[in-house]
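Below is one structure, written out as structure tokens; the observations come after it.
Order as written gives the chain letters A, B and C; numbering starts at 1 within each chain.
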Amino acid sequence: MISFWQNSTTPMKIRGAIFLLFVIFLYGPLITIGFLAFQGPEGGLTFPMKGFSLYWFKQVILPDYLFDFRLPWLRSFILGIIVMIITIIISFMAGLAYRRGFKGSNLVFYGVIGSLIAPPFLISLGIGLGFANLELLSSWYSGGLGAHLTWSLPFGVLIMLAIFARFDPSIEEAATDLGATSWQRLRFVIFPIVLPGLIAIGLFGFTLSYDEFARTSLVAGDANTLPVDMVSATANAARPDLYAVGTLTTIFSLLIIVLAFGVVYILERKRGIFSAATGSSTDENENYTKSMH
Amino acid sequence: MSIQTQNQESETSKISEIFKKYSAYFQASPLVIVLFIFAVVPVAIILMYSVFIFDGFVTRPGFTFTSYIDFFSEWSSLLNLWHTARIFIITWVITLVLGFIISYFLVFDLISFRVKVFFFLLTVVPFWTSGVVRMTSWIPFLGSKGILNSFLINIGIVDEPVQFFLFSEFAVIVSYIHMFTLFMVAPLFNVMARINPNLIEAAKDQGASGFQILRFIIIPMSKPGIIIGTIFIVALVATDFTAIRILSGAQSGSLANSVSVAFFNGFYPIAAAQSVILLALLLLFVGGLMRVVDIRKQM
Amino acid sequence: MSEITKKVNSKVSRRSVLKGTAAAAGAAVGTGAISGFPTLWAQEKVVLRSVGSGVSHIEPWQKQAEKDLGIKIEMTALGFDGIQNKILTQPKSFDIAEPAGNQMRRIWGSPAAKLQPIEIKRLKHWDECIGMYKSSMKTWSDAKIGDGQHPAKVLYNPGKKKANKFAKAGGSDYLTFMPTVHNADTLGYRRDLVGYEIETWAEMLNPKWKGKVCLQAFPDICMMDLAMAIEARGDIKYGNKGNMTKEEIDKTFVILNDLKKQGHFRAFWTTFMESVNFMTNGEAVIQSMWSPAVTLVQTQGIDVVYADLKEGYRGWTIGNVLAGHLKGKKLDAAYELLNWQWAGFPGALFGRQGYYAPTPERTKKFMSADEYAYWIDGKPTKDGITSPFGGPLAKPGDVRDGGSYKNRMGNIAVWNSEYDEFAYLVKKWSAFQAA
């Protein structure tokens, strides 16, 4: 890794500046929330800050008066991970299917679009009524999981289509000519190239599920997920514990991501297990740079 | 003997042929199953509810088109549709430009794969804080005594707090850009990353200007990403009912808002009928989009 | 981890104390939630799943109920629209729910809701319940009945599982719901910015406050607040503010649309949090509020008053309904919980948030004399009142806004209601938002 950037030109600097401003714009509200979470017990929801303490974090971790956000958070986190994994697998498979083409692909495509643009309550209400009519109790890990998938899968599948849309078939043909089996082709040719896309899909899957309220609201059964609980809390209270929850969950998710990155990095170093994946892209990109100079 | 071997060989090749022939079906099946159970069936149930009888308080099984007729006989439905369309177009233009620049920066200006992923992650992290809390946190920023207004008054640009910063369409669009730009970035980022750098190099060698490269190589080749991003944005804007309520101070209408008002009051057939109409309109829109650029044909 | 261990330990010890109740063997096995070890220990306890608002569904309520009754309560807090949706679409997802009195026509009329009536003879403290819920519909003989859907009008169930019609007040041995909390709502205003005492609802429409007025975004409730103001200003004389005719709704929306065009309203809020935010951020000078929201803003040192207006208050009630699937040991436990709700501890807990419970005499036993004097009797506090979070809420000598229980609940001008023309109202409301 020589440098983070390409040779800097004025347009590049402008783009960089726009990106920087965008990131500041994205983080503005988050920073407000982060600061306000550190208020004293008498703190409110707005500046100026009243006192400085870890009181509201303590209230979240060991609640003695407010809502207990711990189990809802755990449910949301687990659900997010499950949605992430399923979304990656199903989207990848669907992407391959679309690459080959199949009868009815048009119908399925509009099914995907329909699922994406269906008003969220409609999905939630429909699934909820379906369960109720079957005399079943929907819960976050059954009806809730399904509702989240109807939201995360279209994103995953469409991003997969975007990736395969510009996928040069000659690479695959070359691999076949060199005698690669279809599995080898998948593992060593296609997979590494789509890996960045799969990471993006996974992140989307987790993020979309983790903060999903409307689709969950009628299918969570007798155990709420975190967003449902947070919305209830705003309906019934106005205390900085909400900010503390937001801050804590963000920090936690961030730690998990950093940890995951670290593990991948170490594995890569040790066994080169992901070298086919991340390595090739890195090389590819570094090649651009070299040729650009 | 030899005939037998031949037979065997042809049989194995037949099996592998069959497998090859149907593997796409196998690969598509999990998607189809999930969508069928959790999207098609619920939509069918909603279709059924949309023709149920609603007596003003209570929903009863039956068959009537009253909820649909109600929708089409109200002037405000058209107004809501117009609001949704207008907010979408403004949001779409801004997120497209912003998303394009950001993706371009991530793909072409940054070097290492890990740095790209890191920067991409940087834009995802804010989404892990509850949306409702994030939306509410705009109030101390955009409000009449908010940070932005205090700043503008302090440097003397305005004398009075600017009221339309908050509880207006402006605030709604700001929050949409805040929340939805990422959904434009993701497909664009992935499409742009697939553009063969040799192509750009070749163009450069031929003496193409930066603008020409953008105009004739990058934009045409990013089209599927733009289309998919557009589908994301229209879906997100048209179905949002939370941000529009909180940031317009519940003073702005949209189709999704109208659905949610009906829904929260327990008017299920009305909410269902309006949802079905919204869904049909959006499908028509995407269908039209596919006529312009069919992302599936570009594969 | 230590928290879980603590929970397990406390459950074990409680279990040995409450051997009697624990005999309800196998009534509740783990419910599927991620509850880990505790369910193993709590297996023999009855589990009740309660869906309610943040008024009652807070930690101390749950802990005390579990301790006093030896049952396990899994509580889910939602907004009132969420509670109603649960009742109407997921009847199996709760054992006890806490809807509002002004949802009863929708809930009991719906074929999808599966509820059971509450038997009055099983309510231990029924005799101590205030008169408002009995045949007189009055707690004090000189109290106003008020316009609209007085809770007693929808409280009595003819005794059938499904009831489109309600029995008249006191006219049945069954209840549709058991009231738990009630209160009188009014306007909150920034005294520091207004500069004088506001005495009438009409002040909400005073052009002086253009761009600084906030209301609730619930169409039914907002409509009643507006009707109070419009009637006080003398524009329209309503036949029944709690049950407007189509013409009255139309006329009101003409005024409302006009005000919207002028920019009279700053915003409409849907959540408690928003209403507090609007006040603390200075977006609102005068706004329709809930009592605890006012209290919360006051604890942040802002001079907000919960106005005592001459036209009276807007009243509301919430209460518990029983799921239709409850029977046997679970039903017994549910009745025990209902009785506990009126036994005093919850009343005191709600009282400290500014609400009222239907058995004030029992509430008294769980509040200090000074607390009771301040919250219920509307007298000055001797020692000052602290908020549940330890901060000061009222200084010695302070009096609660609006004064005594009687001054507030005896002066209800209109109740949160379900209009006959409710569907028409909601349609008009959507159009108003779009305009």
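Keep this in mind: contacts are C-beta pairs under 8 Å (C-beta built on N, C-alpha and C of every residue); 3 or more make two chains touch, one makes a residue touch a chain.
Predicted model, so just to flag it, every value in this text is computed and none were measured.
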Quiz item: How many steps does it take, at the fewest, to get from chain B to chain C if each step moves to a chain that touches the one before?
Solution: 1
Quiz prompt | Chains linked by the largest number of contacting C-beta pairs | solution = A-B
Exercise. Report the chain whose mean Cα position is at the greatest distance from that of chain B.
Key: C
Quiz prompt | Centre-of-Cα separation between chain C and chain A, whole angstrom | solution = 38
Exercise. Give, as an integer number of Å, the spacing between the C-alpha centres of chain B and chain A.
Key: 15
Quiz prompt | Multi-chain contact sites of chain A, meaning residues that touch two or more partners | solution = 45-46, 125, 129, 231, 234, 242
Self-check item: Sites on chain B at which at least two other chains make contact
Solution: 136, 139-140, 263, 268
Quiz prompt | Multi-chain contact sites of chain C, meaning residues that touch two or more partners | solution = 85, 112, 270, 273-274, 277, 281
Practice problem: Would you mind writing out the residues of chain B in touch with chain C in their complex? | Solution: 54, 56-61, 70, 74-76, 79-80, 83, 136, 139-140, 143-146, 163, 166-167, 245-246, 248-254, 257-258, 261-268, 270
Exercise. Please name which positions on chain A make contact with chain B in the complex.
Key: 1-6, 11-12, 15-16, 18-19, 22-23, 25-30, 32-33, 45-47, 89-91, 93-94, 96-102, 105-106, 108-123, 125-127, 129-130, 133, 146-147, 149-150, 153-155, 157-159, 161-168, 196-197, 199-200, 203-204, 207, 210-211, 213-214, 226-227, 230-231, 234, 242-243, 245-247, 249-250, 253-254, 257, 278, 281-282, 285-289, 291-292
Practice problem: Going by the contact rule at the top, pick out the chain A residues touching chain C in the complex. | Solution: 41-42, 44-46, 50, 62-68, 71, 74-75, 78, 125, 128-129, 131-132, 135-139, 217-218, 221-224, 228-229, 231-239, 242
Quiz item: Contact residues on chain B for chain A in the complex?
Solution: 23-28, 30-32, 34-46, 49, 98, 101-102, 104-106, 108-117, 119-134, 136-141, 178, 181, 183, 186-187, 189-191, 193-198, 201, 210, 221, 224-225, 228, 231-232, 234-235, 238-239, 241-242, 256, 259-260, 263, 268, 271-272, 275-276, 278-279, 282-283, 286-287, 295-296, 298-299
Quiz prompt | Residues of chain C defined as touching chain B within the complex | solution = 81, 84-85, 88, 103, 105-106, 109-112, 164, 211, 214, 217, 219-220, 260, 263, 265-270, 273-274, 277-278, 281-283, 418, 420-424, 426-427, 429-431, 433-435
